[in-house]
Amino acid sequence: MATEIGGIGSSVKRKEDARFIRGRGNYVDDVKLPGMLYLDIARSPYAHARIKNIDTSKALAIPGVLAVITGKDLVPLKLEWMPTLMSDRQMVLPTDTVLYQAQEVAAVVATERYIAADGVAAIEVEYEPLPVVVDPIKALQPGATLVREDREQKDNHIWHWEVGDKAGTDKAFKDAEVVVKQDIYIPRIHVSSIETCGMVASFDKINGKLTVWMTTQAPHAIRTVIALVAGHLGLSEERIRVISPDIGGGFGGKVPVYPGYVLAIGASVLTGHPVKWIEDRSENIQADSFARDYHITAELAAKKDGTMQALRVKTVADHGAFDAAANPSKYPAGLFHIITGSYPFAKSFVEVDGAYTNKPPGGIAYRCSFRVTEAAFTIERLVDVLALEIKKDPAELRMQNFIPPTAFPYTSSLGWEYDSGDYGRALRLAMEKIDYAGLRKEQAQKRAKGELMGIGISSFTEIVGAGPSKHFDILGIKMFDSCEIRVHPTGKAMVRLGVKSQGQGHETTFAQIVAEELGLPVGDIAVEEGDTDTAPYGLGTYASRSTPVAGGATAIAARKIREKAKLIAAHLLEASPDDIEWKDYKFQVKGVPAKSKTMQEVAFAAYTNHPQGMEAGLEAVDYYDPPNLTFPFGSYICVVDIDRGTGEVKVRRFVAVDDCGVIINPMIVEGQIHGGLTMGLAPALYEQITYDDDGNIQGGNFMDYLLPTAMEVPSWETAKTTTPSPHHPIGAKGVGESATVGAPAAIANAVVDALAHLGVRHIDIPITPWKVQKILKEKGVAE
Amino acid sequence: MRFEGTLDIAAPRDRVWSFLTDPKQVTTCAPDVQSLDVTDPRHFKVVVRAGVGPIKGTFSMNVEFTELVEPGHAIVLARGQAPGSAVELRSTMDLAALDGTRTTMKWASDVTVSGMIQQVGARLMQGAADKITQQVFSCIKAKLEAPVTA
Amino acid sequence: MAVEAAPATTTGTKTTGTRRMKIHATVNGQAHDVEVETRTLLVHFLRENIGLTGTHIGCDTTNCGACTVLLNGRPVKSCTVFAVQADGMSVATVEGLEKDGKLDPIQEGFHEEHGLQCGFCTPGMMITAAALLSANPDPSELQIRQAISGNLCRCTGYVNIVKSIQYAARKTRETAGGKAS
Amino acid sequence: MIPAAFDYQLAKDVADAIQLLGGSGGEGKILAGGQSLIPLMKFRLTQPALLIDINRVPGLSAIKENGDLRIGALIRENDLEANPIVRQRYPILVDTAAVIADPLVRNLATIGGNLAHADPANDHPATMLALRASVVAQGPTGERVIPIDELFVDTFTTSLAPDEILTQIRIPKPGPRSGGAYLKLERKVGDFAIAGVAVMIVLDASGRVTTAGIGLTNAGPTAIRAGRAEDVLTGQTPDDKTIAEAASRAAAAAEPVSDLRGPAEYKKDVFRVLTRRAITRAIARAKGGA
């Protein structure tokens, strides 16, 4: 029956496709309003410099240029600074010093897009370059160039954060039979969703209402932040409407508030005209929030037989000029302490220090919850380092150490309570599907002929669905999420959510939850999100939280409706509610299945024939506070071949077994895995942003920031196991980021495995051809 | 990027010195000068068009003689930008009189380019900066060795 | 192809060309006569002058392919063509794929095989696929991947895009085979 | 993303284009495929005062063979790659066209533009060196043929006069037992070359090399001919040793820069590996193999 109504578990084709396949999507840059002006931004070529003068005369002389906004203009409006999500603050426009290359310096408002660009090119800024610090390790040393002169604390240290039993862990390491240690640098990368960021801000002077269309993953949270930033200008929250229309991919990059948004709003308030700001790709990569950039030293203590005992990790986190990360406020290093992964470490201790550098601010997800890829990569690489140390097969070492299925819910030594897991089953299925034994034989034969082939494993445990209000808030707002359902007289339903899809298919999957819970065909259920004037308050979509949190709210809101519907059904069937049961998507009199009412019949009655004394209508809303996070997991195995002449690494096969609990739509889940694997392969082999000593960005556009094309990506092979989440209303865990969390380690492990017989233990990602070539030469095996 | 070299100029040191330290004369060797505005003997603004092949930036440069030690040591600091790009040039020049009619000039210059030009043209930067620097200094030599016309 | 040179802008210097020009372009079968700046990029002409916002802009270095349209039948990146170059030519965009209310097999394929998620790269992908299938009705997986190697996607990991194009190829061959067209 | 304004003029024919170019005082640029020029204009790194569109100039879009192969400068890379004559007798041209940028860019990018732009990272220059091709340039005083070795002067600088237009590429007819190959290592599809090697080999009846041509992409300010590597092969019956010697000489001739495509030392070694592989493939094709 579930398949007929398109309920849980059926691969319903996506409802939102209808507009996209016709080119009728409605993205921010498609919004066009009468009298709309265009805003473009002039940016600093220097990474650290004092602004001596901004000459806007040539720009203002251009016909069509209406205004040039600089930091000085924002001071009287108290808009030159704005809060970040991590209770730091960030410049909207500098008033005297720029702190990173590509930082916004001035904004031009013009009648046309092309004229605004001409205005930017005509602005002349006189800079006095200052010393630059780009290495976070050096930034933390005494005497380093000071990045932030505006703070009382006159150094580059942002925060220290630690968790775990330090003394106990140190002792375990002292007593351990085997200790392996590995420095791991996870480079700075960028989400680069194909749509860049942008906004149309429209301030209506008559009724003082601001409406903005913007690329945001969290419209409600943004509305509150705008009210905090611009409330003193009369922009109070009831006068702000944030519309997050169709979004061309987010991956965490569209969570923060960027200066361009504030400038567009300011320009609209000043001019009384709608103002559109759309950034170029170079601006997006160079100035909008980066991801990763973790300098990690990780140690693992174990017995000689491979039994893992203790984990010790020290990290320096490079946050750029402002801490504009998008983590829950009590977790400056996000959920990095999921780093014990799939293994029961008795003792562990993790510490992270945040540092300022002359680089763009940030630290957003890049499709990996909060710092979870950094954690999964570290533990899964470290396990392979241990396997090499004690000469044990990496699959065997994992199987021997996995947290057993009987141990769940399992509390880790860093304080997480894993809801459910069956790690061995997933790894065994992956080994079967890829014929692990056969591959090891093939590898041996190839090695004998001097050919280099590698097999890499990653058995990751992820942590998503932030999160329980006890610990999780953003700027104080608890991280619940919401759903409002209204069933119409003709049995159709309207669902509104506090989350916002950027391609994950919510209009289909959330309709399936309601279809399953209320027995209504999925085609009769419309889903809306992203408009703060209509949607219930929610914290938005990132960190794979939509299904775990808003999915819970949706199921419970539907169940509230079902409770009321049951009373109406009892009234219609002239039976006591206690004799009514919900079975096969109908209300039946117990034992008399023929006497039944469909939800459609009940819905009609709710408006035409509801029991006296009961409210008419059939609607409910739920703000779901998840009791715990959810812990998806999986085992990935990949095979790589190395060209001994050029050092190129080619991923020949990649098998991914994922377990994200109950699956709402298998087709959509598989699509999320394909996309996630590709955003795992990308940082493993191709993507990186670096800076030279002067703070010049290297790789600040798509010519040098290498998003993989269809030619660099293998034909992914996927499979699944299902271990429901015990605490989630429909047992679902969320899956959007699993593959991006798990894949980089599998690929890195495979390349190291291909060279392990030459004594190689680790290679930092991205594993470029010249990194590999250098090793081949040193080991004398290059072609 | 760092470049250096020595030039033997068939001209007396004082003439070389006055050429190098007079904005009007020395800027005749700057690439494709668009305008010159001398604020005082040690400061001047010059707008030049420099680049390689079709890639050209119009840079408005603020130039300052940060050190002038008669008769043979000078340091010039030029800082300028084009839309989205910035360039800084720091050159030191040391003159030694070989004899009454000839001078050896030892020069070294540090060029840092940042912003758009550096990103899009990174692979061409070394070659372009080297070429422009060589052109400037060989132009200075040629101008000084040219017969002094009335 | 009538080329009316709009009055040359007198900017003091000797003008040997024009800064604005009226162009005649047929977009999805409909003729348009529009005056544009000579520097107007074809993608902005389509989105702003003609109002067809299905063609998207995803980069500034001619890499991502989200702006792909057919120019006289050949898929090109419309962010790296000036609108004046399309004078007298025909342009096909994603909005022209559906004919008389009937989806093109490519549109159907992308829907059936979940070949899109955020939808932003989809118009460019489908136009590139349309050109591929008109040249090669039965492409191999490698040929499909080569054909779309100029179109970046961040959401799907390409597997379902390949399947969508294979679906469209099958459907086109079946219908072509099925009825004598 | 938004270019600066410019004057635009559609050239009716070659003479019209030459006259416009001559009259622009060095500020005019030819617009053919535009796939290198327009990106530079969008970053305002080049701001021509006048754009001369030659896309509708007749006579520049044909490929014909009479003795040598004559390719019109406006031939699009995809048309070059698909041309039956080229596919049958000039596989090196198919190799080269197929790895330029990506399939969409290749629908507009022209072979004439690829050569005239004289970017050391462009792929055709090395291939034309290996083929010992020449180009036809037309100017106000008429036409002249420029041997490829004399075309590239410096980065983005050719021996074409400011008012000359490259109209045709001429490739000598390959004798029997001749074969060529172009190999390019790129970080991903669509990228410029980390290193690119073009090899053209002609064998005599006994299998000895009568002529060898080796051109290198991204090996210096311009594409370069690896002459000393060619000398090693000429007159020899190629075996692993001579091929390896030629390959290391090609690497020695290359002077790549360190950049985001890898350290110079790595690139030099890749030139050695690609040269060896390209010679081997060229010889196989010369002997009639694939």
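Read from first to last, the chains carry the letters A, B, C and D; within each, the first residue is number 1.
Keep in mind that, in the parts below, contacts are C-beta pairs under 8 Å (C-beta built on N, C-alpha and C of every residue); 3 or more make two chains touch, one makes a residue touch a chain.
Bear in mind the structure is a predicted one, so any value in this text is a computation, not a measurement.
The central chain here, found by comparing per-chain C-alpha centres with the mean of all protein C-alpha atoms, is A.
A count of C-beta contacts for the chain pairs C-D and A-C puts A-C on top.
Chain centres here are Cα means. That of subunit C falls 29 Å from that of subunit D. One simple way to say how far apart two chains are is to compare their mean CA positions; for subunit B and subunit C this gives 49 Å. If you average the CA atoms of subunit A and of subunit C, the two centres end up 31 Å from each other.
With centres set at the average Cα position, the gap from subunit A to subunit B is 50 Å. Shared interface positions of subunit C, i.e. residues touching 2 or more other chains, are given as 37, 39, 57, 60-61, 63, 146, 149-151. Among the residues of subunit D, those in touch with two or more other chains are 1-2, 4-5, 43-44, 102, 189-190, 260. Within subunit A, the positions touching two or more other chains are listed as 113-114, 121, 280-282, 698, 701, 703-704, 709, 711.
Under the contact rule defined at the top, the touching pairs of chains are A-B, A-C, A-D, B-D, C-D. Partner subunit C is touched in their complex by these residues of subunit A: 13-14, 16-25, 27, 29-30, 32, 113-114, 191-196, 246-249, 251, 280-282, 502-505, 667-668, 670-671, 673-679, 701-703, 707, 709-711, 713, 715-716. Within the complex formed with subunit D, the residues of subunit C that make contact are 3, 8, 13, 15-19, 21, 37-39, 41, 57, 60-63, 65, 68, 71, 74-77, 79-82, 84-85, 128, 146-147, 149-151. For subunit B in complex with subunit A, the residues that touch the partner chain are 60, 62, 79, 81, 83-86, 88, 112, 114-116, 118-120, 122. Chain contact summary for the complex, subunit D toward subunit A: residues 1-2, 4-5, 44, 102, 185, 187-191, 194, 260, 262-263, 266, 269-270, 273-274, 277. Contact residues of subunit C toward subunit A in the complex are 37, 39-40, 44, 47-48, 51-61, 63-64, 66, 93-95, 97-98, 103, 107, 110-112, 114, 116-123, 126, 141, 144-146, 148-162.
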